[in-house]
Amino acid sequence: MGGLAIARLSVLETMRRKEFYVILALIIGLAAWMQFMNISSSGAGRFAKDIVMQAVWLVSFGLAAPLAARQIASDLEQKTVYVLMSRPIHRWHYVLGRTAGAAAASVVCFAGLFFVLLVMLLTKGVHGLTDPGLWQAFAFQVAALVMLCAITIFFSTCGTPSGAVTFSLLLLITMRYGGPSILSRIETMANHGFLRETAWLLYLAMPHFEFLNMSQRVVHGWGPLPVGLFVQILAYGAAYSIFVTALAALLFRRRWL
Amino acid sequence: MDVPAIEVKALTVEYKTGRRKRKLAVDGLSFRVEWGEIVGFIGPNGAGKTSAIKALLDFITSPRGMCFVCGMPSSNPHARKRVGYMPEISYYPKYLTLSEFLHSCAAVSGMPARLRGEAVMSAAEKVGMSAHLNSRLSTFSKGMLQQAGCAQALVHDPDVLILDEPMSGLDPIARMRMRRLLSDLRAEGKTILFSSHELGEIEMVADRILLMNEGRLLYQGHIAEVVNPGSNLEQAFLRLLGEELPWAA
Amino acid sequence: MCSWCVRMALAGGILTILLASALVPGLKAASPQDPDVLVQVLGGTTELAAEKAYRDADVYLHAGVTACGEPAESAGSPGEPQSARQLPLMDLFRRLHGETAPKVHRHLQGDEEKELLPWFVAAVRLNPHHIDAWRDGSYWFYRTGDFHRSEEFISDGIRRNPHDYRLYLDRGILYHRLKKWENSIRDLEMARKLWKNNSEDAPFERKAIRIYLDDSRKRLKPQ
């Protein structure tokens, strides 16, 4: 119960800050601009869908990372952590609550942006609400946001908030856009002692955001993933988030407040 | 009850101030606070009062020595179930209203939802802030934030209160209200440990005092035992600390 | 300065850029050489973005597959030396990558080909000197049946790059297809005049200039 109450605090903070509404206004402006762009004699639905989808996805990441980074850091800096930790809760309750709150707030922001995307799709007459691939992409993005929040909070417990944002976004961009090519490089590495094995271990430990990136499948109409694979990947996202949160809780356990 | 409300045995807290430098904030501190009494925790700046309180609340983990709250080790979160803490610095989430803040505190303390509304009202009334329940904390003055801090310490009806500088920033009327509140709480059977630089306030409400200096406990006992007739706690404080009285001939 | 003011300033700046970039193409440029407002604001990074946009057109043509053909397979195709030792879970990751990414080599067809066009438009907006984007964009406008836009597009490219023979060559070929022989001859002669042997394709393009020029002249002559 304590963790839930802490999570609710995080959501309230995000809603009361102005950033979300500024970003939402920008996305609405972008979507409106796409609608009226004179590109060719007929609509270019994929292009508009691609641009707005990428914008929504990237902006939601851009909102989530700083939001997560300041959860514990600002509590410690402003001493508001005392009011919470003087209550009968374990320290891992607090870390879990802050992570869940940051993730929930990020998902709420993303859902708002996603709604704008849906409206744009409907007006363009492109794939609408019935495209299961679109909803799979939504679910995957939610999982990616949860993972990103967990990773950022982990980094924030052992470094500064700005460092946490930088590292977590670097990881996100590297794996989301470079994951498959990193695998190819490791596969083609010769057996140079332990170098290949070390690279592989590091690769395994990385958060595999590339599996949660379905935007191109949706844009190009490749159809939804098989249900079994979809569930497997979601389970991976959940498991990774829990693992990283547990690490963060371990780090926070002995910290002097 | 056999076990005291608060018990500290040979507590030692060391801070790292450099690569090989350490500062001894608390050195072998031992004291007890019995149920139902008000104990004033006094000492000059840097005496170690706040560090001792932090160790009691497990903000400082694994110090040397032992701390018990309500009979349980301070490292056990359940020990804090019956504890209300008011921090020295009144920083609270500024984006919340007082009502939301108190509701959150009650929820984190494990209070069932059906009881929170009444508890919030009651806590706000006790500190005289019921007219400001729907105001955001960002609009509060320093004194109002102190009162809000006291309210959050009371919202879950704790048996033990640990208050760090509760009078700081309060006007005379608010101080009087706080003194009255402390007396009322004692009448309800609460146990209170509070630190303060306002020795006059401590003299009015506390049963016993704990005097710390440079991490060590210099004196613990009843105020009447340490204050000479015709004198006051401030003079006794300075005497115990070995400072010269400014008006001595 | 309060954080709210900073946020509003940032939002205002971004909105201004978006609005300006939407409005400016609708206005006649003071001179064909005036760079776009995006180029003025973002500078050299637009070249990278233009190249990305140009490559995205190819990705779109292949419906999301990033390389022509199958995605990278595991090390060791038939006939190649023995691959490195397989590490634990490598097969699983390879399978996951294979199943989550589109892999069948196919092209967009029919009306779907119009999906490429915005990328060429974006590429030349970002880098008006991206000759391949002008050329390919004009080709795909023609292929999707928008002849007028095709001519407009390549002409715009020529205005911004008046000394590149390749654009004159492509417009000459376009006019040839549209049976505008005089225009075709004019452009092909300009292409021949400006031709430089500065790439691997240059000799072949010179030959193409001659072939199309000869054919246009022959068709122009009254029978």
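Observations, loosely collected:
To keep things simple, chains are lettered A, B and C as they appear, and every chain counts its residues starting from 1.
Keep in mind that, in the parts below, a contact is a pair of C-beta atoms (placed from the backbone, for glycine too) under 8 Å apart; a residue touches a chain by one contact, two chains touch by 3 or more.
Everything quoted here is computed from the prediction, not taken from an experiment.
Two chain pairs, A-C and A-B, are weighed by contacting C-beta pairs, with A-C ahead.
Core chain by CA centroid proximity to the global CA centroid: A.
Separation between the centroids of chain B and chain C, computed from CA atoms only, is 71 Å.
Note on chain placement: the centre of chain A and the centre of chain C lie 32 Å apart, centres being C-alpha means. Once the centre of each chain is set as its mean CA position, chain A and chain B turn out to be 41 Å apart. Residues of chain C found to touch two or more other chains are absent. Residues 4, 7-8, 10-11, 14-15, 18-19, 22, 60, 63-64, 71-72, 74-75, 83-85, 87, 89-90, 93-94, 96-97, 99-102, 111, 114-115, 117-119, 121, 141, 144, 146, 149 of chain C are the ones touching chain A in the complex. Every residue of chain A that touches chain B in the complex is listed here, in rising order: 1-2, 4-6, 8-9, 12-13, 16-17, 78-80, 82-90, 93, 253-257. By the touch criterion given at the top, residues 18-19, 22, 25-26, 29-30, 33, 36-37, 39-42, 44-48, 179-181, 183-184, 186-191, 196-197, 200, 204, 208, 210-211, 213-214, 216-217, 219-222, 225-226, 229, 233 of chain A touch chain C in their complex.
Those residues of chain B that touch chain A in the complex are listed here as 54, 57-62, 77-81, 83-85, 87, 89, 91-93, 95-96, 100, 104-105, 107-110, 149, 152, 156, 162.
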